[in-house]
Each structure stands twice: as C-alpha cells, then as structure tokens.
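Quick one: structure below, then a few questions.
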Amino acid sequence: MRNLVTSVAAAAVALAGSAAFAEDVVVKWLHQQGSEEVREYWDKLAADYSARTDGVTIEVQHIESQSFKAKLTTLLQSNDAPHFFYSWGGGVMQAQVDSGTLRDVTAEMGDGWADTFGEAAVGAFTYKDKIWGAPYLANLVGFWYNKQMFADAGVVAEDIKTWDDLLVAVEKLKATGVVPIGLGGMQKWPTHFYYTHLMLRIGGQQGFVDAVNEVGDGFAGETYIRAGQEFKRLVDLDPFQPGFVAADQNNMYGALGDGEHAMQLMGSWLYGRQKSKSKDGIGLTDDELGWFPFPMVEGGAGTAEETLGGINGWLFHKSAPAEAVDFVKYFLSNEVQEDMAKRGWIIPVARGADAAIADPFQSEHSARIANSPYHQIFYDQMLGPDVGLVVNDMAAELAVGNVSPEDAAAEIQDAWLDR
Amino acid sequence: MATVEITNIEKYYGGYHALNDINVDIADGEFVVLVGPSGCGKSTLLQMIAGLETITGGELRIGGDVVNYLPPKQRDIAMVFQNYALYPHMTVGQNMGFSLRIRRDPADEIKAKVERAAKILNLDQLLDRFPRELSGGQRQRVAMGRAIVREPQVFLFDEPLSNLDAKLRLSMRTEIKELHQRLKTTTIYVTHDQDEAMTMADRIVVMNTGVVSQIGAPLDLYDRPANTFVAGFIGSPAMNFMDGTIQGGKFQAANGSSWALPSDAKVTEGQRCTFGVRPEFVEAGGDVAAKVIVTEPTGSETQIVADMGGEHFTCLFNERIAAQPGDTLKIGADPEKCHVFDIETGLRL
Amino acid sequence: MQSEPLDPGLRKPWNFVLLYKYLVLGFVTLLIIAPLITTALGGFKSAADLRTNPFGLPTVWHWNQYTDILLGIDYWRYMGNSMLISAISVFVTLLCSTLAAFTFAHVKFFGKEFIVGYLMVGLLFPVATAILPLFVKVRDMGLLNTYWGVILPTSAFSLGMSILLMRNMFEKLPRELLSAALVDGCGYIRFFWHITLPLSRPILATVGIIAFVASWNQYVLPLILLNSEERYPWPLGIMEYQGEFTTDWHLILAFVTLTVIPAIVVFLATQKYIVAGLTAGAVKG
Amino acid sequence: MTDTPTPNSISPPRQGFSLRPANALNREGWVTAALFLPPALLLFTLFVVLPMGEAAYFSLFKWNGFGTPEDYRGLYNYERLISRDIFKTALWNNMLVILVSVFIQLPIACGLAIILADKIPGGNIFRLLFFLPYVLAEIVAGLIWRFVYDGDTGFIAKFTEWFDLPAFYILAEQDYAMYAILAVIVWKYFGFHMMLFIAGLQAIDRDLYRAARVDGASAWQVLRFVTLPLLKSTMKLSIFFAVLGSLQLFDIIMPMTLGGPSDSTQTMVTYLYNHGFIRAKLGFGSAIGTVLFIICVVFAVVYQKGFFRDAE
C-alpha cells in the first residue's frame, strides 16, 4: 500500500512540475535497455557519477524497445528531449543530423577520445565529415547451435562452409526428428537476418553501396532477387518450429537453452539470454553451445569473413550540456567497459576493453569484428525505419511463401525510392 | 404592494404576433384573473410580467417603475407555477426559504419568515419533508408558501390549480381567496377555467388570440359581455347563439324561432345579427318550440339539449322537468337577459 | 424488470422451452467464463502445471505468484498512474461538459445550435484517427510524456458523449424550475449551482463512471504519448510485463487477474450506472 | 368599469427603448455562455478538431516527423495507400468485423436478450455475466485470448493434445488469425449489444403482446410481426456501435497478433500505427487517418439519412 501512496505522491509531484533542480545541471539520458540487471547497473553508474560531480544529476529514462525508434524522432523535438540517447547509427542518425537535432562532438573526439575506439566504430557515427556520437558496443550475427543435437544428426558445424552445406545440415537434423532452426517470427527482425545475410554474401560490400546509390536496379537487382531465392530454398525445407510466424523472439532465446531446436541465427546477445530465459536458468553450458558464422554462398561476391551486425553508441542532442559528454566519456571509459564486458553483457568497442571479455564466444566475435573486411550494419538500422522495416516485412513474407523473391526485391526498392 | 400597469404591450415570436397591444391597469391590492382558451397569450403575458419572457414592445410598470428590462429577481414579484416547480432536492422549509437565502438574509430571519408562512398555510408540521413526500394539495400550498415568504409586491399565479382533482381545486380556490383577503397583495392569476375566474377575481381580463377581449368585474362580464367571444366563454353551460335578422322589432332566427329584443339593443329593422340566450335564463312556457334530444337531470337542475331547426339549443331549468327525447317543449326567455351581437364583428349591439 | 413475460406461454410449469433456454444460457455462460476462470486459476499454477492442466484446479497453489506482484512496486505504480490519469480526466470532462451541457440546455443565445453541432461532431471520430497529429500537437505543447499530455486529449474526446448525455438530462428538468429559480432571485449561474448540479448527481455519476472506465482501459493514447515506464498506466504496464515474461503464462495470467479484479469489483458496484448510461447514450440514435 | 379595451394613455411606448435587442435575461445568457462554454470549446478545438484538420494537412506531405512538413507531394500518399494490398486487407478486415457484428453477433445478442428480457430465475446473473467481458479492457481480452489460442499451453493446445493432433497455432496462420480475432470480438461485445436489446425490449408496451395474442398470433408470429419490427431502432443502434467499434479496432489486435501474420490481421488503426507511427512516415500515416476520418463522415451521413427516412 505504501508503494501506491508513494507513486501517487510522486506522480503528483511530477504533475506539479519540478523546479527543485533549478540550480543544478540535469543530464537526461534515454536508453532502451531491456535487461533489468543492466538497467540497475546503469542506474548505479549514473548515481555514482552524480555523487562524484557536484550538482550534476543524471536523469535516466527508458523506453520499451519496440517503440523506442518511433518515439525518439518526436521526442528529440520536444522540450523533453534527452541529452544523450542510444542509437544504432545508420539512416536514422543521418536523418537526425540533417534536421539539425544533434550536437556535433567532433571537437571532443579530436581531443584524443576518438583514438580509444576502433576506426570502424567511429566511422559508424561519422556523417558529413563530422562525428556525432560515441560508439559503445558491437555485435554480429551467426548461427548458435546445440552441439549434442548436431552430433546426434552427424552434422559437423565446422564443415558448414557454404549455403548448400547448411541446407544439407538442416535436412539431416530434420531426419533425426528435431526442429533444425528456431525462429522468432513475430518481430520479423530475426527473419531478416537470413535475408540480409544472404544479400551480404551474394552482393558483398559493393552490392549494398550500389543499391544505396541506386546503381542499376538497386535493391530490385539481381543480387537481391537471388538472396530471396536462396532464402526460399531454405524455407522450402520447412526448417523452423511450428507456429514460428507468431513466435516471440524473447521466447526463442530460452527455447535454444531448453533444447527445443538445434540452431538459431542470432546476434551475440543470445549467449547470455539463452541462459537467463531458459526454464532452468542454466540453458546450454559453454560446452554444449556452439557457434559458426553464416556460410558463404557459392558464386557470391562476399566472403564468410564479412560480418553482419551493429555498432551501437550514444548520440547527443543539440541541447546537451558538456556534462552529458563528460558522463558518456566516463561510461565508455575502459574501467567501466571492461567491467561490463567481464559480466558478458557486451562486446565493447573501447580499445583494450575487449581483453576483459570473459567468455570465449564474445572474444571470438570481438576478434571477428576487428578482422572483418566489411561490417554490414543491420539493414533495418542502416536504412531507417521506413525502408528497414520493409526489408523485415519482406523477409517475413518470404519465410511463409507469400511473396516471390522478385516481388520482395521490388518492394524494397519501391520503399527505398519512396523514403 | 403595488400597482401593475401594462401599456401597449406587444410580443412577437419571429413573425408570429403573440400579443397585440395589451393594456391593463391593475390597482394596488387587486386580484385580477387573466382568462382565455389555451393559446390566447395569457401565460405569455404573465411570464412577461414575471420577467421570464422578453417584452417586444410597450411598457410594463410595477409600483410605478418601468421594469421592462429588469430581471425577475429585481421586480419584487413571486410566482406560483402550474406544476409547483418545487426543488426536489430541498425540504419544504428550504424550498420556502430559498429566495431569501439567495438574497443573503440572515438565517434566523429566514427561519422566522418561513415559520410564519408555514403557519398561515398549515404547513408547520411538514417543514422537514421533501416535496416527493407530499400530496398534490400540500405541494400547492408549499408553492404558495414560497411566494408568501418573500413578501413581494405582486403575486403571480400560473394555472396553479389545474393539476389538482376537482374537489381539492374548490377548497384551494377558497384558500387562495382567503389568503388574498388577508395579505391584500396585488395578485395576477392566470387560468383557462372561467368558473375559477368568476369566483376568485376582483376583475377579469378575458383574452383571445393575443388581444384583450374585455376587462371587467365578473358579473359585469356575465351580464354585459362585450362580444360573442366573451359571451360564449363566460358562463356554463355556454350561451346559445342563433343567427338571424331583425324583423318587426323582434329577432327572427334562421332556425325559425322568434325572440323579443332587450330594450337597450341598438338595432335597426332588417339588420343581420347574432342573438344569445343563456341556458339558465330559458323559461318554460314560451312560444318557441324545441324538440328534446337529451335530458340530463342532476337533481337540483335539469339540463335539456333540444333541437331547434337543426341546431342544438341548451336549456337549464331549476326544477325537475320530465321531458322525454322526442317531446316538444315550449320555451321562451326574459328579453332583458338576452344579448344581441353584430353578426360580422361579434360586438355587442 | 417487467412483471409480464414476453411470451405468455412461458408460465406453464416444466416447459421444454424454458429448459432449452437454460441450456442455451448455460452454454453461453461456459464460453464466457471458461477463459476468465482459467486465467484466474492459471495465476496460481506453475508453468508445467498450466501446460498439462489448463482447466483444472492447480495441483499446487502458488500464492507467491500473486503476492510477488502485490508486494512489488510495478503493479501499484501502474495502478496509481491509471488512477491519477483517469481521476483527473473524469474531473476535467465533467467540469467542461456540465458547464457546456447546462448552457446548451437552459441558456438561449444566438448560434447555440451551431456550437452544439460543432461539439457533436466529436461523437463520431475515434481517437485513433488522430493519433499522429495529436502526437505532434502534444509534443509542440511540451506535454509529451506528462500526465497532462494524456489527460487533456482523453477528456477532449469524451466531451461529445458526456455533453450529449448531460444535455438530455438537463433538458428533462422541468422548465418551470428554471422560471421559479429566476423569480426566486437566481441568475443562470446560481441556478446551475443550486438546482442543476444537486439534481444531476445520478447523471454525473453515470457520465463520470463511463468516462472513468474508458480512461482506465485506454491503451492507444498513453502508448503514443508516454515514454517513461514510471508514468505508464496499467494497460501499458501489462504489455510491458508481458514483453518481459513473454510466454511465462502463469505469471502473466496472475498479473492480468490482478489488474482485472478492481475493474470487476467496480463494475459490480456500479453496474446500474454503467448500463443506464450506455442505454441512455443509446437514445441519441 | 370600462368594458371595452381602450388604449392606455399614460405613456406611449418609447420606440428607441423598447427596440433594444437584448433584455436582462438575454444579457445574462450571453454572460453565462461566455463563461461556461470556453473550457469545453477550447479543449475540443485543440485536441479534436485541430488534429483532424492537421491530419488532412500532413497527409499532403512526405514527412518523417523532423521539423515541419515541407516536402509537398499532393495526393501522393493517397495514391500509395490505395495501391497497397495491406490497405485493402485492413479495409476488408474492418468490413469483416462489421459483417460479423451484424450477421452473427447481433442475432446472438438479440436472441439472448429475448430470453433474458423475461423474468426467469437467475436472469439477472446471466445478464451480468454476459456483460462482464465488455467491462474488461480490450488489452486484457486480447492477452487472455492469446493465451487461450496459444498452441503450446492454451485451450487449443489441450484440444489438439486430446485428439492427438499436431500442435496448432491459430494466430500464426494468416488464413485463420483474423477469424480467431473475430471470435474474441464477438465474445467481448455481444453482452453489450444484448443489453441494448434488453433495454429496447423493455421499452415495448406489454399491451401490444396481449393485443397480438388476442388477435390470434402464435409466439413465433408475435416475435416476427411485433417484437422484431419494434426493435428496429435498437438494431440500428447496435449496428452504429458495431461500425464505430470496428473503425477504431486496435487494442485487441495488438496483444494478439500486432497485425500479423503477414499483415493478415491489420485493421485501419493498426495499419496507421504500424506503418505510419512506427515507421515515422507521418504523412503516409496521416493519409490513413484522413481516409478513416472520411469513412466516418460517410458512415455518419448514410446513417443519419437512413435514420431520418425511417422516422418520417
């Protein structure tokens, strides 16, 4: 009951508007962190920082991830705008820059701060020759698999070098009666990993650059049609669990840990979640869990070394005070990043902090990203929500056979031209 | 207490001329009844006096002051409504004291006034009741009590008895009359019931289709109606009318009967006119033949509806008459109690 | 309830028609009740129990699933937010609509019908039509992510119906009451305060409860207008909770049950007003 | 006593005075209106009327929400909208809701109302029970039914298990998901419509039934020739609410399918949210809103016309 009273009281205060902090600097921080554990850690970081610096208060705001992007645009233009916020870079950031809502941090970065990150990481937040944000973490997508199930089916992960190999593996797994692949189809973005990964393998970096620059047929071109066709070959094998269309990805993490399917194409973040979301809270141990990169496609321009993933970081609103930048510097300092890496939460981009990564998978991912000739940022980030979500839609439609590869590619091109 | 002067009052609703040049002077302490059929404008006139309707033209004075543009509360009037209009959420006492409360009178003064009024109206036992717990007659008295409490210059009554049953109506009539005699407050009373008007009024204003037909004391109206409308409206059962011509110093009706003229009738030979005979002045044993259609004995009186040349003719006898339908009666009337009107204008001749 | 049956034939004892009627009613009841009962019981079950035994009683009663929610802060915060938003919305709605409805019912002035028609337009349009511009508008007013940002549009969209219901009610007050009050020395404002308001308590309750229920249950406005979980009303909260526990149905069902119980209790307590209001709203045709 | 009315000679009307347009009552009326109306008018204009107009304005632009709309495109958004299959699906789904409301829900509600309008033992309890789902928030109804429909743990899972069928995920089936949602809509709303019908039935004069009985009508004929014709206005009302409800259908869909799978359960509003709001295409979304708005207007006009024609 006291909770109710306090929250009503708090609400009343909020209604009345708070003028109490007039003297102090308030830094508003907005993120979409889903994990409660991480949120608590961040709250503590903010509190620590506030305690150390006289008169700086960090006000943490959190939006549920699904509507984060939708709301952010409008939020940035309101007087409730956060001073710094989570970003995936890409097309969304470019639109924000174009509209003049962001604060340029080139000067701060030039002060040696930029050197603490990898070049590609800083590059992800560079647009029009200026740096607009600070990179924080990187991740990549690959196949996570259940070693036991693979062994039972006689599949050797290390031998899956090509797309065809993968299809064969799927058939073998199916023959043993297990669900070869788990897929959270409801959110659509897990499905788009297949589609865009195939695009990357078939078209390579150049393919994407050409499409964006509207060379030839753009996204409706040969590369993209073929990606759809290849994906369809997989779909035709019926490799996903029944009802995958309405399956929630949040469940699928746990489902892998529970051994409900043999593999899942998912980002680095799956590692921790397959444990925490599993029924017993343990999931697959490091011995039971395996990982291999998305195989190459024969005849494709890309190699298995190119990576698909994200480089996420923090952008600054034009109203951000110097304290906001200062706090982010603290947040991204090796000390903090190493601590978070140690907990297995992230693959940090801060130079040297990756050494602190405890688990073998994350180290491998970190190394792969570092050695990647081209790190393709997720399409749905890179292209902005208007086009990116169409890519997701088309991936989902391909997965249920509602659309032909040609039409799917044409639809993406249409959305790109309409952006 | 005050006089009420109504001068050249006009009322238009858009293009509709509801009241046409109304002139009535009401003396201090007088009890005036506005009477007429529904739609004649009597209620509208009352509402205008109360300030509930706007006045399109003319002048209204209460106590000598022009009040055309004053809101009701500044006119120092009180009003009793047909449906009583008691506030359902207030007790009898609160209802009666409401106007004083609005005026911000001291509470003890309100209490004293309410109790005094309640005593007058025999409501002292009911002060804490709510209107829904009262009978119709009691509600009516509360409505009057509410008016009395204010000690206004003028009382306005808008058909206050029409929602009561016949018996209660008669006793309330007496009560109102008594009250007026006791308080001597100028009173304007609207009704459609000519009986009520006759018994209660010092003076009656008969209205018809937005104009005043006649103003006068009850018996004057009865004895010397100014026109066929008043003649037909006042008196019950209604006056018998016949159209005809003056022939040989007598009225020769189109239905074949022939009647002697009153001595003061200003008529000329051959003039077409309307002749009126009140049923109660019809006497048996004249030279007019009437064929009985219906006989309605009430005990003390006998009402007979007869056929006279295809028209109904009503007779009211103070004695019992054993007439059967189909019988032929010989009747006549005292010419001094008959009326002659112009056939075109309806005005008294 | 009328005393006379619609079909006089019903009065025969052991009528088969009556039996069929009860069979139909029983069947419909089952369809209505089964999901609700399963939901409430599901909150007591373990995940495994729920999976193998969705209909029966829990093999073990897990009270802690309910108590955990009740002892946590989230549930109460969501409820408190909903309460705050709904209560203020109802207050604003009632304030604006009684004033307007009174004016429309009793005051004569030029252009009244036009203004009434203008406000009644609002009856037709679902809030959803305007979420995008509303979002922009609320942002421009600097009310995004504030309680007021939700309260004001909520009230605005419930004005039409409230004014309609109340005007109908006010017009039913005898006109003589207004006349009497004017003669007694009231102006419109005093009439409103001393007569109309006290006499309109039932309709105020009805309109208030309907507005409250609508606001209590609303989802789309807070969804687009609120950002921080600290201010979420319970429908957003429950979706958040659901997002966190996805198919841990036993936990979600416990949460659902706890959010539904207040609504059902309030409904049972006020059903007379709710039904009266809905059917009165029906009168408008 | 003077008998005939004579013009009173005290004072002739002063024309300038008596022609003044407003008297005290009118003046006070204006003051009252000026005091009492602004709160409602302001609130309504600001949050209902202006946004409607702005939706129409925004719909002419391509706009991602940054700054002000500047990229004027005329009817471009509408052309795009009309050429989309999802738009047709959404419209059709809204239409389906209306059809199901009219042809399935309305007869059920009417039938139950006829049973329950009679005084039968327990009648009140049945009424309350049937009305209960209406009181639940749509979000909650959606969540509960998502559980019911869940192929792993729900009712359907239990049934497939009993009959040894493969697990069936109805909400994942693009051909069936919408029907599953329609069932929930009927489940949630029939009680409300039933209450409308009960109110309508109780407004019918009992003497009419007696008269019909005396005239020799059978129970069926009474229903056919007396009850149903007299319920016509209630049916219209029921349809009115069904259409309005359909046009704003959103809350139930979101927890159940989010408009999927493959957009098969999108309605106009989920489409507006998913493709306008989430994708930051404010112009496009506003075009959807405007179309919805126009549908409302057309419906209102048709409804009013129909209503008045019958009233005459």
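Labels for the chains are A, B, C and D, by order of writing; each one numbers its residues from 1.
Basically, a contact is a pair of C-beta atoms (placed from the backbone, for glycine too) under 8 Å apart; a residue touches a chain by one contact, two chains touch by 3 or more.
The structure presented is a predicted model; accordingly, all values stated were derived computationally and were not measured.
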For subunit B and subunit D, chains touching each: C
Furthest chain, CA centroid comparison against subunit A: B
Centre-of-Cα separation between subunit D and subunit A, whole angstrom: 41
Mean-CA-position distance for subunit C and subunit B (Å): 55
Intercentroid distance (Cα basis), subunit B paired with subunit A, Å: 92
Overlap residues in subunit A, where contacts from two or more other chains coincide: 67, 74, 77
Subunit B, residues touching no fewer than two other chains: 51-52, 71-72
Sites on subunit D at which at least two other chains make contact: 25-26, 28, 65, 152, 277
Residues on subunit B engaged by subunit C in the complex (per definition of touch): 47, 50-52, 71-73, 77-79, 81-89, 98-99, 102-103, 146, 150, 156
For the subunit C and subunit D complex, residues of the former touching the latter: 1-10, 18, 21, 24-25, 28-29, 31-36, 38-39, 42, 47, 50-51, 54-55, 92, 95-97, 99-100, 102-103, 107-109, 112, 115, 118-119, 121-122, 124-137, 152-153, 155-157, 159-160, 163, 182, 187-189, 192, 213, 216-217, 219-220, 224, 235, 238-239, 242, 247, 249, 252-253, 256, 259-260, 263-264, 267-268, 271, 274-275, 278-279, 282, 285
Parts of subunit C lying in touch with subunit B, wherever the complex brings them together: 174, 176-177, 179-187, 190, 194-195, 198-199
Residue ranges of subunit D in contact with subunit A within the complex: 64-67, 80, 151-152, 166-167, 169, 171-174, 177, 257-258, 260-263, 277-281
Touch list for subunit C against partner subunit A, complex: 47, 72-73, 76-77, 79-81, 83-84, 135-136, 139-140, 142, 144-148, 223-224, 227-231, 240, 243-244, 246-247
